[in-house]
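The two complexes that follow have chain A in common; it is paired with chain B in the first and with chain C in the second.
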Partner chain A sequence: MLILVIAHLVVAALVPPAARRWGPRALLAFAALPTAALAWTLTRAPGVLAGEAVRETVKWAGTLDLSFAFRLDPLALLVLLLVTGVGAAVLVHGAYYLDDADAGRVGALLLVFAGAMVGLVTADHLITLYVFWELTTVCSFLLIGGVGATRAERKAALQALLVTALGGLLMLLGLVMLGEAAGTYRLSAILSAPPRGGLVEAALALVLVGAFTKSAQLPFHPWLPAAMVAPTPVSAYLHAAAMVKAGVYLVARWTPAFADVPFWRPAVLVVGLLTLLVGAWRALAETDLKRLLAFGTVSELGLLMVLFGAGTPVAASAGAAMLLAHGAFKAALFLLTGVLDHQLGTRDARELSGVARTFPGLAAVAVLAAASMAGLPPLVGFLGKEASYEAFAGDPVVLAPLVLGSVLTVAYSVRFLWGGFATKPGVKASAGQRPTIGFVLPPAVLAAAGLLLGLWPGLTDDLARGYANGYGPTQEYHLAMWHGFTAPLLFSAVALVAGVGVGWAWDRLAALRARLPRAPEAQRGYEYGVRGLDALALQLTRRTQVGSLPLYLTVILLVVLAGPGLLLALHAPTSVPATMNGLVVQVPLGVLVLAAAIAVPRARHRLSAVLLTGVVGYGVAGLFVAHGAPDLALTQFLVETLVLVVFALVLRRMPVRFTPLRRGWRLHWPRWLAAGGVGLMVGAFALRAAAARDQPAISHAYLDHAEQAGAHNVVSAVLVDFRALDTLGEIGVLAVAAVGVASLVVGARRPRRGQEQEREREREREEVPR
Partner chain B sequence: MSADRPGPDTPPRPRGKHQPRDRWLPGAHELPVPRRSMLLEVVTRLVFPAVLVLSLYLLLAGHHRTGGGFSGGLVASQAFVLRYLAGGRADLARAAPAEPQKVLGVGLALAAAVALTPLLLGQPVLTSAVLHVEPPVFGPVEVPSSLLFDAGVYLVVVGVTLKLLRSLGVRIERETDNGGEAR
Partner chain C sequence: MNPLDLTVVLVVAGLYTVGFLLVLDRSLMRVVLGFAVLGHGSNLLLLVVGGRPGAAPVLGTVAPGEMADPLPQAMALTAIVITFGLTTFLLALAYRSWTFTGHDTVRDDVEDRRLGSVADRRAREERE
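And then the complex of A and B:
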């Protein structure tokens, strides 16, 4: 499975050059990889469904006990079928939909995403899971944003990233807590012996937030419709079939172990049902077919959450069937919308008319897919819907919204078909080039897959039961077309009739809808949140980054005084080490250094201040000589000289005199305190440190070993041998500092960032009337 | 920074009355006359090679006597600073034609290579060895592997100085020449 993931990542690198060479059609060849992955998954399916999960562990950092652990169990199998199957279809579609400029980039990212998704669903280690989870987020960001040409793209990409990454980070926190509570990060081990306790419950809540953001549940859902600015293949794959299923997958993964945690079921059910209803309601009002489908996806994801979070075998069966059904029909519908968009130049229901006459084949595929979405027999959507009514047959509180959701789902399915394909009075019949077979094939195959799974309920049942068996003893309920005259059949009929009615009469209902009070929009909440964060950051920066070097220095020095300084004051030095005494030459040098130091702040000219600082440096170097440290002294002299020259170079750009300071003790006492205090503190620290030795000095060992290393100069031996790693680090720092200074000097001459933004804003103003 | 060097077709500037006849420093004639100092040019011309040799001596002697890569590099840096102060940016470009970042990079790479080489031989990082050679005139000489490491340090220090001279010196100078006012 690791090989599968790596294969996707490696092959993705080949896409851009291939697309440059052969154009978008090159993606056809790359569709072979997901197809091969699908084939591999299918060959493993019988064994996995029989209860033998495929396992794989690859060690990569043994000492840290880190390894890539993968496991293919029935749930992973379900999602993997979806990921690989839809992936192949989407790449084929992309070969016809994408233009030359996009094909390489989008194709490569789609493959990377497919690889990440394979890794995500098969990962058997919490951290591996998280890494792939975020990898899909990154892919999503890059794919939505495109090359960032328009403001809408950038905004949507950023929103998707912020929302899902926020959830992802909370989830990481939850996963770590879970792993620590369980004592293992192995997914299968946690599932087989689920930990309990307050910590675990908090962890699960965090994980749920992650799942909800990823699967666009209320109130995080607005990023998904916004993401529809991406090209259709991307929307079909990431934002309908695969990535948004990751959250559902996570809930499905944990429910068998944690369904009895008190808040789990209520939280998932409430959020899921609300999402189901709100999504479907919003979908009805959309005229952009892609946005209609996007809200439909939000709604269906809510349904999936409900089914997978309920924690009963029948609901799990229903969820598995709906998962497959939704992946197939929603991807098919998205791809169809892409075909319409590409051939007719619009996907707005108000502008399309007579498409069923122009492209009858396309319309047939659309009807097949939409029928599955509406839950009509003999399609797999019907199997799933029936099972979900059955699962909640004894629970009217859940059942009622479920049926209502189905009514709305049927209604927006009708709206989609009517909007996309019907002949509308007063609208010019759409005309365009007939799509090639290859372009229509992917949605057709996906729709046919829905039909196949519906006509062959045994197969769907086997796939679903593989997962549902995880909830306990084998269940009685089987997915089937005909269960007799039962309540679920009645609900299906009700949903169908009422849904068609609502869909038919929608335009008249719209007037009624307009009179309803406007519900608060979640998108507003997101925007307020982001703006608030911006404002907070601005305030913080304004307060802390005032741009005054003396102030920064004062703050730093005062902190030094308050921390280590205070500690030192409590352990004041008691004696003066012997080496400090007895050298007469120290006295004049010390006086010189002190005098220069006192004179520095009193200097009026910048150059004199720099020269006086130099005197301090040379004086200290003299002290080094007096104490018999020629190496140190030599370096100090040389550095001091160099510093003087560099100072002089910089001073050419500065006024000759310092800006006169305002007089007054009240203004300056913090600086005096900071400067004087830190000076005293460092002095005291040196005394204290010299007197604090209670172990033999390491210098003796250095002296002995220097001879061994072939050096008579122990300082040099320390620098290039004993502590050579330090030296290596230091010259690295030197190099970075030099490059940094150079780029600061250069960077200050470039146009300011604000000016760039201004220019960009102007560009956008020009873009708007487009 | 090749722009600092005058192209082959740059016409030589006409000589003024007070301009020295001989070119003590190859790039100094680019400087405007009031900025030139005869004395400094001559002294720099005389001292520059000697300072470079001294810096190499410090580098080589560092293992046994006072010196080492740091101080050697600093001394070499002062030599270049002298060239810049006496002969201006054109003369600095003549004295050190290599790009500063390349000098930096080579130095870092050399030090890192010396650090990592023992790994290839199955030794811990930064293990040092001493090579004893006996060339005919000098007598027995010890060449420790850390000498190469020190050479890396030397190059980094020189590179940093050149980089600073280029960015803080030459750039500011050029801007002032182009009419940019000192702030």
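And then the complex of A and C:
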């Protein structure tokens, strides 16, 4: 299976050059790959359905226990059939639909997507699953956005990316929590021995959010209709048949293990049912056939969520049948819309008229596919609908919205057929070139697959039961066309009659709808959210990044106080090891240093400030002597004198006084607070550090061995012998500083002189013409 | 335990306060002086926290037990020299800033200000 994924990715790289060379028809050849994948899946099907899952593990970092783990079980088989089958159909369709400019890019991305999808449904490792999940998101972004030619494309692509990636990230968090709670990231291991506990429930909630965003459930659904700006093959594949099924797949995968978690069923059922109804209601009002189908997809995804999240075998059977049915009929309808759009130049129901008469073959395929969508016998959609009524027969709270949803589904199916193919009074009959056989073949094959699965319920039942058996050992219910005069049959009839009625009378109902109070649109919520986030970011930047260096430094100091300072205050030592020795030497020196230091900020003249700093330096040198460090004192005297000389050299060229700035307590108290706080903190740190010492000093070794180094002064022995490398580094630092200073000072002069000469030359040049 | 002289601790605290106060100023010259003062404070801190005071660590003068710890002294000596390099470099920077712009004050970052004005404009548009 890893080979299958890699094959898709590698072959995808060949698409753009091939499309440049041979045009869009080259995609016909590339359709062979998904077809081969479909064939491979079919050959594995009997074994998998008999209960022998195909497993595959490829270690790629064995020591870290990382491996690619895949397994093909009945559920993966179902989705894989869809992904490969629809993938082949879409590529064939694309060969006729796409123009020269798009074919290479879109074809390649479709193949990459197909590969990612194969990986997603067969992945047996949580992180692998996540990686493929996000790969499909990225493909979706690139395919919706196209080359970013129009604003609508860019907006829709960004919305899809933001919404699904947000869900994806939350899901990743959930997956990691789950993996940690279970002690393994192997999906099959987690599902066979599901962990329990508060952490697991939180993880599942996060995973559900991910599934809901990906499968366009309320209130995340608006990205899906917006994504319809993409070319039709993309819409048919990603946004009807395959990618949006990923969320449903995830729920289907996890329900057998987690259906008894208290919030799982209510959450999935409520969200699913609401999505079912809202999607169908919105679909009815659309006149753009693609958007109508998109809202229809939202609605059907809601239904699939309900069926897969319910956690009963019959509902699972119904879900499996509906999954296959929806993939087949919705992709077929999208492709048909693409054909209409391509041949007639429009897909707006208000502009199309008499298409059934112009293209009768196309209309026949459309009727077949739409009938499956409406749940008419003998199509597979009917099998799924019957089973779903059966699954909730004893649960009127779920059943009622389910039947209502079916009524609306029938109604928008009627609206689609009427809008796309009927002859409308007052509208000019559409005219266009007859599509070639190859163009119509993919939707026809998909619609025929729906018919085949319906006429051969045994096959559908086998496929569905393979998955449904995961919920329990056996079940009485079989998918079939005829169960006798049962309640589900009655519901089907009611849905059909009422739905046709609603669809027929929609134009009159639309007036009624206009008078209903408008519910808040989820799209508005998304827009407010994004704009709010944008404004928040800007305001935050405005408040925090004001561009003032002193302010930034103040903030840094305050953070130092709040972090390490607070810790220091909390861990105050019990006894402070302070003494007051050396009253004669230390105290007068200390007073001198402090007095000079305090005077520095108050000095108005540059020279006095520099001299006062010098006093501080000499005073500190005196303290060094008192501490027993004459070498330090000597160095300090020398350095301080050098610094004074350097300052004097610089001050020669600078103004006498400091640039006057606004002064005042109100402006400066935060600085005083920060600086004073840090000063106190360092003092406390000194006491704390001295108290923390519990080992004898290591320097006795230096004292013992200084003689061997031929020195009497131990400090010089340390510097030039024991730690000579450090001293070498110090010399390096000084050298770098010297080079820096030289280049700064010399460079500071040269440009000025250069500029002078430049100006001089310019003046000369200007004078010449005169 | 390593008893500290309280006077020195107070001096260190005072030097740090003044140093940071100067660094927070808008005048580059004061910032440089602030670094110098902070350097003095740090060197002193390094010395007194690192080891006990005593006689100068020169062999043959007193018994080793009465000597001050030589290791922190060596470190502080290195630090003094490095501080010198840093101070001169900063001074050169301030000098260059003065030669090129005619002043030695820290100006506000123009890019940050521009971003702020974008936020203000957006906020105004939202209100309208």
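We take it that the second predicted complex is superposed on the first by the 546 of 770 C-alpha atoms of A that agree within 3 Å, B and C clash if a C-alpha of one lies under 4 Å from a C-alpha of the other, contacts with A are read in each partner's own complex, and residues count from 1 in each chain.
We take it that a residue touches a chain if its C-beta (ideal position, glycine included) is under 8 Å from a C-beta of that chain, and two chains touch if they have at least 3 such contacts.
Remember, predicted model here, so these are calculated numbers, not experimental data.
In the superposed pair of complexes, A:55 makes contact with neither chain B nor chain C. Of the two partner chains, chain B is the only one that A:645 touches; chain C does not reach it.
Of the two partner chains placed around the shared chain by superposition, chain B is the only one that A:725 touches, whereas chain C remains out of contact.
In the superposition on chain A, contact of A:675 is made with chain C only, not with chain B.
When both complexes are overlaid on chain A, the residue A:631 reaches chain B and chain C alike. When chain B and chain C are set side by side, the one touching more residues of chain A is C.
In the superposition on chain A, A:105 contacts neither chain B nor chain C.
In the superposition on chain A, A:705 contacts neither chain B nor chain C. Across the superposed pair, chain B and chain C both touch chain A at residues 630-631, 635, 639, 642, 646, 650, 653-654, 711-713, 715, 719, 727, 734, 737-738, 741, 745, 749. Note for the complex: chain A touches chain B at residues 630-631, 634-635, 638-639, 641-642, 645-646, 649-650, 652-655, 709-713, 715-717, 719-721, 724-725, 727-728, 731-732, 734-735, 737-739, 741-742, 745-746, 749. Across the complex, chain A meets chain C through its residues 534-535, 538-539, 541-542, 545-550, 553-554, 557, 577-582, 586-587, 590, 593-594, 597-598, 600-601, 606, 609-610, 613, 616-617, 620, 623-624, 626-632, 635-636, 639, 642-643, 646-647, 650, 653-654, 658-659, 661, 671-672, 674-676, 678-680, 682-683, 686-687, 689-691, 693-694, 697-700, 702-703, 706-707, 711-715, 718-719, 723, 726-727, 730, 733-734, 736-738, 740-741, 744-745, 747-749, 751-752. Interface of chain C with chain A (complex): residues 1-27, 29-30, 33, 36-37, 40-41, 43-45, 47-49, 51-60, 64, 67-71, 73-74, 76-78, 80-89, 91-96, 98-100, 103-106, 108-113, 115-116, 118-120, 122-123, 126. Listing the residues of chain B that touch chain A in their complex gives 62-71, 74-75, 77-78, 81, 85, 100-101, 104-105, 107-108, 111-112, 115, 125-126, 128, 130, 142, 144, 146-147, 149-150, 152-153, 156-157, 159-161, 163-169, 171-173, 175-176, 182-183.
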